[in-house]
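In the part that follows, the structures are each spelled out as structure tokens.
First subunit A sits with subunit B, and in the next complex the same chain sits with subunit C.
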Partner chain A sequence: MKTSSFANWTIIGLTLTFLIGPFIVIILAAMTDGNNLAFPPEGLSLRWFVKVFTIESFRDSFVISMVLAIFGTLAALVIGVPAAYAISRYKVPGAGAVQLIVSSPLIVPGIIVGLALLRYLVIPTGFTIFATLFLAHTALILPYAVRVVTSSLQNLRTDVEEAALILGCSRLGSFFRVVFPNIRGGILAAFILGFVTSFNQVPVSLFLSGPGVRTLPIDMLAYMETTYDPSVAALACLLAFMSVGIVFLAERFLGFSKYV
Partner chain B sequence: MSDYVKLDDVTLAYGDVVAVPNLSFEIGKGELIALLGPSGCGKTTTMRAIAGLMGLASGSIHIDGRDVTNLPPSKREVGLVFQSYALFPHLSVYENVAFGLKMRGEKNIKPKVEAAIESVGLSQFANRLTPDLSGGQQQRVSLARSLVVEPKVLLLDEPLSNLDARLRLEMQMVLKDIQKRTGVTMIFVTHDQSEALALADRIVLMKDGKIVQSGLAEDMYNAPETRFAADFFGFENILPGEDGRERAWRPNAIRLGEGPYEGRIRGMSFGGDYRTYVIETDRGQIKGAVAADLPAYAEGETVRFDLPMAQAVALQAG
Partner chain C sequence: MFENRTTGLLLVLPAALFAAVLFLVPVGILLSEAFRSDGGSFSIQAYIDFFSSSRNNTVFWRSLKLGLYVMLTSAVIGYATAFCIVQLKPKSRGRIFALIILPLMISPVARTYAWLVILGRTGLVNQVLIGLGLTEDGLRILFTETAVFIGLLQLFLPLMIISLMSSMENMPRDVIPAARVLGASWFSVFFRVILPLTREGLVVGGTLVFAGSMTAYITPAILGGSKVLMLETLLYQRVTVANDYTSASVIAMILVMMSVVTNLLLKRLAKPRNRRV
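What follows is the complex of A and B.
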């Protein structure tokens, strides 16, 4: 018993070190007082955190990433919620195929999606980079939206909708009065998952950047190629805290983990 | 009025599979009817068609003289108490009961809703969310929710089958009381003959989507017409007679100990007031019940018995 509990704690310790270790390294590297990205830090200071906010390209790309994450996720939900409803409530012919297509952005490597969109959408048709990024992020989030909402629909009995119909609702009315309030948690969970996925997305966005249009992670990569200072580490810390904060709040108020 | 609810030549199908072919029956105003039959006999499908949750392949349904065949559920003025109760999990008891009145756009619904909740004895739970209630309480909320809109017909899907014995009796009385108080026409679906007998004025016995027999509960119990009906109502001994017609006896109609026939005891089960024996005879297996205060037979023992014609029910073919 004693050995096995020692083994358990060792495994837990190693796992946590492996998961959280890099995070701690980045935090400490960002808090350096020196001018180079290095670990261990040379003295402690918060000046790189301040510097992040003065870099104009970061501000611009932050706005672009926010817009993509918020509106791309909303678009994915507008498509995904009805799709999830149809898949879970009706015997749709080819439902299996639809589910596969909807999941395909999870399977196809993002870098291929990005390259394909650039070569066959942006270049021949002159579609703007931003619009293409928006499409790509929407498609990327769609699988999460459909999956999370489907599982939350499967937890809701179908006969409550029938009860609403008998009590005087139209079909659409029963969706908004009975179904929607009961899957609201799932939809919010899908939104958060989609938001974080989009915001942290690199491979698809890699090829889809142009003059003045870059997502924040791509901008950070570009910045590091020219300037090897700790401001990127500081920004990475801020983003990580934002993600952790969102998921923490979601877990606290929604029981996020039961939907994902 | 004996045709308050009228099904005329109704055919119901799932895709190409016909579940109920050409069904017709009529129900009088204020009647309490049981649709009885084994699972898969089409009773639930029929109930869903009356509610408008299932379209008709052909035929028509009238309620109170109005053709409702093509009306959506919301326009039919029916109530349905689902087997699982189907309460809205995000709403309180009060809001569940108020739902139908709100949908009708009625003003000043509070007294009505409160009276309905009161009538099922749940006033102190009005502000609870429904998933926090027991099964029996949920069923009463479901009843109140259906009745508050004063439907013309109240449909109930297996209303007693999820309840334990004590709650069953209580719910039976609640339903009888509702019938007396409101005069609402009730149709309930069940697979349990004892439920149907205890509750219904009239029983419609179904098999394979067709009506096998319908009539007053007592008549159905005492005089089943077919082999299927006899078996369903507990006539466990069905034997061909000399005239070619089958006759049926309940186990307690078989007289053991004397008579023209002979058999061997194969087994016994003790039922409290009586013992039921399985007897192997040259006419097949027979079940006979004997009062438990009489001496018991041993397994393997040879026993004489009689099949009294006075207590036999003659069956029609089919």
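What follows is the complex of A and C.
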């Protein structure tokens, strides 16, 4: 079944060019010294990368996206880890239904969730946009948190916990002293997956933006509509490096891919 | 392992309640809205109205069409690429695989934005075409269905390649040489050996790509603009421009149905066949 290895590599090379090529183009385009977004760039400089940091709305929306991604993921873990523990260790009545409900944020397209929350939570109850964004992002990450932690728990043998219980440890004590240290890797993997998902999320946040409250990707979309300069390209590169860097480090030190 | 059902229930309750109250209830109300007539009784008038508008029809069929095109093209490229990758030695296979999934980690906004530079009127493609003397002042690629198609293909191709690769890795090693030795042409090797054995990966990849393309927002928003609306960009436009929540609810229903059917299909496929691992 040997096909010629030259033909092999040509096909792989073409596909990779299509998938990765645009990133190289945009990195180079962002390093332009000129004022227009163009390829090939007119002279090389990093000034657009510097400019990104001086645009106030990007700074604000970056902070909002960061806060949402970090605390939304933590909140999802706080309610997700007990659920994962119950699903893998207890006979929960209606477990199938529970799993379906918890994973529903994966099934319903985000744009609908954003619109539904705007109309039936923000408008009638006066909930702030930021609080709603936070809840929506938490709900969005919840399925990932439950799934990753559940599979980590299923891989952990139950006899260590039983031993702890027999030796007089309480349920709660055995969870924190025995189970938790063993699933730390899974929880960290869930955190990273949740963080990247939330940070890059667009559809859910589309309708949930108000004065002064916008996530970074939404802000980028808005900026693009009015301005065609290389700063969005530079920002896109920075974000791409950030995501890839996080995933690379996670893979390096954690073996991220075995959890996901 | 523990028999205490109440404790188990108490542990899942926060997560289940959270998802139910925040997700299912508001989304349920939104979806039901299009089924209510002005008097509050059940009616499908909103759906009839929606599909009697030629603009809505265009958008609906365009989304379906682009979804299909992207799915078919990614299947063709996916088979060729996945087949080449599985032939590699494990070490380079791992590296190439990492490069294939790399784009999935990156913000879709960043991924799509790159195409503006490539497909724009003074973009890379037009520069090459003009340089070759094929066109005078450049083609209009941006804000056409072609641009949206290219963007979606790049966005979702990795999913197809991954699904096909995992099917191909499970394929018995010697079936292809066996078929060749017995005189099958490459054409019939593909249709009679490879395709049936990787059908599962094709369906999984295909549904992911199709549903993903149909429900995409960012790509049509950036590369299609208001000229090439798809379902989600139409929904956004109906709400923000016209306050037309009835159409929004109809589109929402179409999108949810798409997603539910896709998920059911994937679940059915994923279940009984885990024995191979």
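Throughout what follows, the second predicted complex is superposed on the first by the 250 of 260 C-alpha atoms of A that agree within 3 Å, B and C clash if a C-alpha of one lies under 4 Å from a C-alpha of the other, contacts with A are read in each partner's own complex, and residues count from 1 in each chain.
Keep in mind that, in the parts below, a contact is a pair of C-beta atoms (placed from the backbone, for glycine too) under 8 Å apart; a residue touches a chain by one contact, two chains touch by 3 or more.
It should be emphasised that the depicted structure is a prediction, and the values quoted were computed from it without experimental measurement.
When both complexes are superposed on subunit A, subunit B and subunit C fit side by side without a clash.
Legend: residue contacts after superposition of the two complexes on their common chain; A:77 is shown touching neither subunit B nor subunit C. Once the two complexes are laid over each other on the shared chain, residue contacts for A:157 go to subunit B alone; subunit C is not touched. Between subunit B and subunit C, an angle of 100 degrees opens at the CA centre of subunit A in the superposed model, to the nearest 10. Counting residues of subunit A touched by each partner, subunit B versus subunit C, the larger count belongs to C.
Legend: residue contacts after superposition of the two complexes on their common chain; A:178 is shown touching subunit B, with no touch to subunit C. In the superposed model, A:167 lies in contact with subunit B only, and not with subunit C.
In the superposition on chain A, no contact is made by A:149 with either subunit B or subunit C. When both complexes are overlaid on chain A, the residue A:31 reaches neither subunit B nor subunit C. Of the two partner chains, subunit C is the only one that A:196 touches; subunit B does not reach it. For the pair subunit B and subunit C, the least inter-chain C-alpha distance in the overlaid model is 8 Å. Shared contact residues on subunit A (touching subunit B in one structure, subunit C in the other): 162.
Residue ranges on subunit C touching subunit A, taken from their complex, read 1-5, 7-9, 11-12, 14-16, 18-20, 22-27, 29-30, 77, 80-81, 84-85, 87-88, 96, 99-100, 102-103, 105-111, 113-118, 122-124, 127, 153-154, 157-158, 161, 176-177, 180, 215, 217-218, 221-222, 232, 235-236, 239, 245, 248, 252, 255-256, 259-260, 263. Across the interface of their complex, subunit B is touched by residues 156-157, 159-160, 162-170, 173, 178, 181-182 of subunit A.
Subunit B contributes residues 51-53, 72-74, 76, 78-80, 82, 84, 86-90, 99-100, 103-104, 145, 149 to its touches with subunit A in the complex. Looking at the complex, you find that subunit A touches subunit C at residues 1-3, 5, 7-9, 11-12, 15-16, 18-20, 22-23, 25-26, 29, 37-39, 79-80, 82-83, 85-87, 89-93, 95, 98, 101-102, 104-109, 111-113, 115-117, 119-121, 135-136, 138-139, 142, 146, 158, 162, 171, 196, 199-200, 202-203, 206-207, 217, 220-221, 224, 232-233, 236-237, 239-240, 243-244, 247.
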